[in-house]
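Chain lettering (A, B, C, D, E and F) follows the sequence in which the chains are written, and residue indices restart at 1 in each chain.
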Amino acid sequence: MWSFFHKLGSPPWLFRISGSLLRWLAPLAFIALLIGLSWGLLFTSPDFRQGNSYRIMFIHVPTAVVALAGYYVMAVAGAVSLIWRIKMAEVAMLAAAPVGAALTFLALVTGSIWGRPTWGTWWVWDARITSMLILLFLYVGVIALYEAYDNKASGARACAVLALVGTVNIPIIYKSVDWWYSLHQPASIKFFGDTSIHSSMLYPLFLCIAAFYALYTCALLANMRVEIIARERRTKWVQRLVGEAV
Amino acid sequence: MSSGQQGNDVSLATLLLLILRRQLLLSLRRPVEVAQPLLFFSLVLLMFPLGIGPTAERLAPFAAGALWIVALLANLLAVEGIFRSDFEDGSLDQLLLSPQPIYFLIMPYLFAHWLSTGGLLALCSPIFAYGLALNSAGTPVLMASLLLGAGVMTIVGALGAALTVGLNRGGMLITLLIMPLYVPVLIFGVAGVNAAIAGQSAVPFLSLLAGLFFAALALGPLAIGAALRIGADN
Amino acid sequence: MYFESLNAALSMGGHGTYVWTAYGITVLVLLLLVVTPYRKKRRLLRELRGEYRRESAQQDAAQSGP
Amino acid sequence: MGEPFLETVDLNIERGGRQLIRDFSLRVNSGQLVQIRGSNGAGKTTLLRVLGGLSRFGFTGSLHQSESLLFIGHQSAVKALLTPRENLLFHLTGEGVHRGIDIERALASVGLYGFEDVPSSQLSAGQQRRVNLARLFLTRQTLWLLDEPFTALDQAGVLLLEDRFRAHLQSGGAILMTSHQPLQTIQPDVELDLSGL
Amino acid sequence: MSSGQQGNDVSLATLLLLILRRQLLLSLRRPVEVAQPLLFFSLVLLMFPLGIGPTAERLAPFAAGALWIVALLANLLAVEGIFRSDFEDGSLDQLLLSPQPIYFLIMPYLFAHWLSTGGLLALCSPIFAYGLALNSAGTPVLMASLLLGAGVMTIVGALGAALTVGLNRGGMLITLLIMPLYVPVLIFGVAGVNAAIAGQSAVPFLSLLAGLFFAALALGPLAIGAALRIGADN
Amino acid sequence: MGEPFLETVDLNIERGGRQLIRDFSLRVNSGQLVQIRGSNGAGKTTLLRVLGGLSRFGFTGSLHQSESLLFIGHQSAVKALLTPRENLLFHLTGEGVHRGIDIERALASVGLYGFEDVPSSQLSAGQQRRVNLARLFLTRQTLWLLDEPFTALDQAGVLLLEDRFRAHLQSGGAILMTSHQPLQTIQPDVELDLSGL
């Protein structure tokens, strides 16, 4: 167990493993995404209430779900890097931020586009939408903070602290926003929840969610590998690697 | 070594009192900076009648929200500089070097800032509440919630200030860092006042705020201390 | 294939613009997400190669100096 | 005095991708005056901040210093809004409260008699520096880390400061300082030049 | 003397362009900083639905006021430091020593500041207006009034900053005098938007703002220049 | 070269209720180096700012200086957010746009070769000072007013600067400077001590 942690902490090992992992996970993710999206886009029958616009769900929901999970990945990595002083956890945290931000952005945009035909508006202050917006700000905050530091060693730690504080707060924020929304429940239709998803739509949806998870992992690892090289530039193994890469 | 022990001999209480006096004196030396949140407060509240017409029945339902938003913005304005000048003139280094636990040394900073923003606003809020035709039933709850909420916002804001203290352009970044964390405070605060107006009990909301406050008070200074050590190292 | 014609697939009963733009944006962002790390990596490797060359050159100079 | 006030072994410091300090070892004992020299950008300030425990990242090697020390850096650490007296009273070094009479004596001994209650913003560059240095006449710390203590001081000020150094060393203290000018009335026990590294 | 003539030879235009580039570079040093004002706006605006309620009928009456308040806030936050750093690091002395008329040399400062706060906000205000459910009839007026108003606020704020630049944050009573000058701008701006929404003509308000703007532009720099000379003399 | 670059007669300066400068007369001609000395708080900076036309109030007496001069004060006048290159490009002295090659040469001649594009916030105290002094290698002004130009500079830096002074004087310029250390390789033509006043 500890030896495993130890290994995780060792850059060359992580670099090698992530490389071999990417080699088969990346194509898999790509294929899954291709199948899932085209399935949802072209091969399912339209929703009886929303017509074809619901096909956006096959991106919207997976991105939203993965974006949420992504914040916890980032925060846990930050915590580990602070508590156990594991450098690679720090790398993971830094790598997770842009990926999560991009997915959150997608969830918001696709949702917003979806909202136009379904509710006749680009934007509503629904609870989940609002918390998603806040999540985007949390992600961007981490990125901006790191960018703002000249001394990257300090910057990474600062981000870890911020991410950690964010984790403590996210449940509170979510609960409070949910509850705030329930306070002034608008007269119009209840947005989520009763969208009864027909089983024929479920399979492609699950496939898409799985595909997005896989894609997230790939992007995360790829970002980590770059950061690892940058940090280990003074070590023998990186110099060898660079020599080979010629 | 004598020096070390000596350093610890000093009772922590006297030291905290000393720092507190320092902070208060500093804020008294620039009265307008202290008054600025209030000024801003009154200026903004001038806007709301403009937006929705000055009649009481139109203003009243929004009064609580408006007051709370402004309090939040005022706090945001002030908190950014809580550590800045000490960093720039090197006093912060002294603080970080002192043998006493940084956890406590931060407290006076927070307390002084809380007094000069939250305390002040809470004190004056009844006047503004009257100006916005807030149902008088809500006023005491408003004051209490502002006091508690300002505490949380001060601690969270100080964390943001500490994280950005080393960067010679903190101004807008800090907003991005701390505003999301202000959200629950705002929601509970407004809800409490509105509940009181509606004749329900505001206790649950106040106790929620109190919970947030004490949680922040327990954990906040730890994070702030760590953040200061990091920020000062840039 | 649910749609019987390409046009039907494109129009999607009036919702085509929404659906296709949503998918389009998604594909774009995902592409960026995947491509950036690889471009970064290539740039970094090039940079490091230059750095190592410079350092080795300096070391040689230092050795040949005294 | 057994254990040293400060000891570091194989210290390596990197900043901005450059290796500033390489395999640096130092041991400061009671009664010792260590002067660090070096060209601009050699790494004196960086080294001093690491040794003082102010920057905790970006270096490798063992480092152990007496649990409390006095650090005076480039910046004046003088609050323009406060008078010299207040500046010395409300210092943040955690040494507790200084007696008013001590403060006045300290200010007088740095030649600021009569300026105790002038807003520091109205003091000259050298006078502000002197307010900060007055802390050397108040502190009870034994290990001093001073970064360019002589900047902005006139001749008299320099001599005054060196006298204080001598007294401190005789009373068993230790000083680690950087300076571009050579000392005039004291001989440093150890003299390091970073330019070489 | 050659030196003197040489100093005047430099065409004023090139010099102003140079200073403008400098100011813009300083405000957008890093890529992220370009986005920061926008993030700031959206974050502050996010507080309004949370404080007042998510439904359009609750938000709409506030939209104009809210957007204007954010504009003011952003201006306050930024303008206070428009000359400070230049004063602290001595660049301001250089500016005052340069042979060209200070009246013009100030313009780039004002323009850059106006661009990076007012202009940007005005540009993006339609999006935010949509989010706050502002009646779309008001949007164009909102943009126009924000552009003009930000100009006035920048000049007035710069005057305040210049007057207080030398007093190192000590008793800056001048802000007390400056703040009220913001009020008419806010009133005209919000009133104009509301008029447009109510279907009346917003022209009178906009022309009032324009009047203020051009008056400020004509006299402001003179006052600012004088204030800087005094302030730098402290 | 007829008229002097700077001339003042019976200058009296008062600050904080104290008479700092009394009946001070000075005349600086082309090719002259004037060094002002004096203890901390004697009034050197104040005097220099008055002579430079930077503080226009609180003094009496006639004052006339060449309509444009170069002033370098206590502060670094270096923007931490900008790189050294940008700092020299976007200077505010109203001397117009310097050519990139000139800027690089100036930076090189103050020993900052290779630091052109490092954020100035990451430079050492002395390096920042050098960025500011690089302006002496760019300017075309003839009259220089320098307040403590040697602060934070190492030995090499001091000599470098004195060489530049010599060149400037030979080319018909004039320098009015304050300094606590005596100059090493040049003799000032006029040496004033304010402590006496």
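We adopt the following convention: contacts are C-beta pairs under 8 Å (C-beta built on N, C-alpha and C of every residue); 3 or more make two chains touch, one makes a residue touch a chain.
These numbers come from a predicted model, not from an experiment.
Asker: With one step meaning two chains touch, work out the least steps from chain C to chain D.
Answerer: So the least number of steps between the two chains is 2.
Asker: Give me the set of chains touching chain B intersected with the set touching chain F.
Answerer: Both chain B and chain F are touched by A, D, E, going by the contact rule given at the top.
Asker: Taking contacts as defined above, which has more of them, A-E or A-D?
Answerer: Between the two chain pairs, A-E has more contacting C-beta pairs.
Asker: On Cα atoms, by how many degrees is chain B rotated relative to chain E, nearest 5?
Answerer: A turn of 175 degrees brings the C-alpha atoms of chain B onto chain E.
Asker: So how far apart, in whole Å, are chain B and chain E when each is placed at the average of its C-alpha atoms?
Answerer: About 26 Å, centre to centre.
Asker: Using mean C-alpha positions as chain centres, tell me how far chain E is from chain F in Å, no decimals.
Answerer: The separation of the two C-alpha centroids amounts to 35 Å.
Asker: Just curious, how far off is chain C from chain A if you go by their C-alpha centres, in Å?
Answerer: Using C-alpha averages as centres, the distance is 17 Å.
Asker: At least two partner chains per residue is the criterion; list those residues in chain E.
Answerer: 29, 33, 36, 39, 43, 46, 50, 53, 58, 169-170, in rising order.
Asker: List, in ascending order, every residue of chain A touching at least 2 other chains.
Answerer: If we look for residues of chain A contacting two or more partner chains, we find 134, 137, 140, 144, 148, 150-151, 154, 157, 177, 180.
Asker: Please list all residues of chain D that touch 2 or more other chains.
Answerer: Touching at least two other chains: 15, 57, 74, 80-81.
Asker: For chain E, which residues are in contact with chain F within the complex?
Answerer: 1-4, 6-7, 9-11, 14-15, 18-19, 21-22, 25-26, 29, 85-86, 88-100, 105, 229-230, 232-233
Asker: Using the touch definition up top, name the residues of chain B that touch chain A in the complex.
Answerer: Where chain B meets chain A, its residues are 159, 163-164, 166-167, 169, 173, 176-177, 179-181, 183-184, 187-188, 191, 212, 219, 223, 226-227, 230-231, 233-234.
Asker: Tell me, which parts of chain A touch chain F in their complex?
Answerer: Those in contact with chain F are residues 150.
Asker: For chain A, which residues count as touching chain D in their complex?
Answerer: So the residues of chain A touching chain D come out as 151, 153-154, 157.
Asker: Which of the residues in chain A come into contact with chain E in the complex?
Answerer: For this pair, the touching residues of chain A are 122-126, 130, 133-134, 137, 140, 143-144, 147-148, 177, 180-181, 184, 186.
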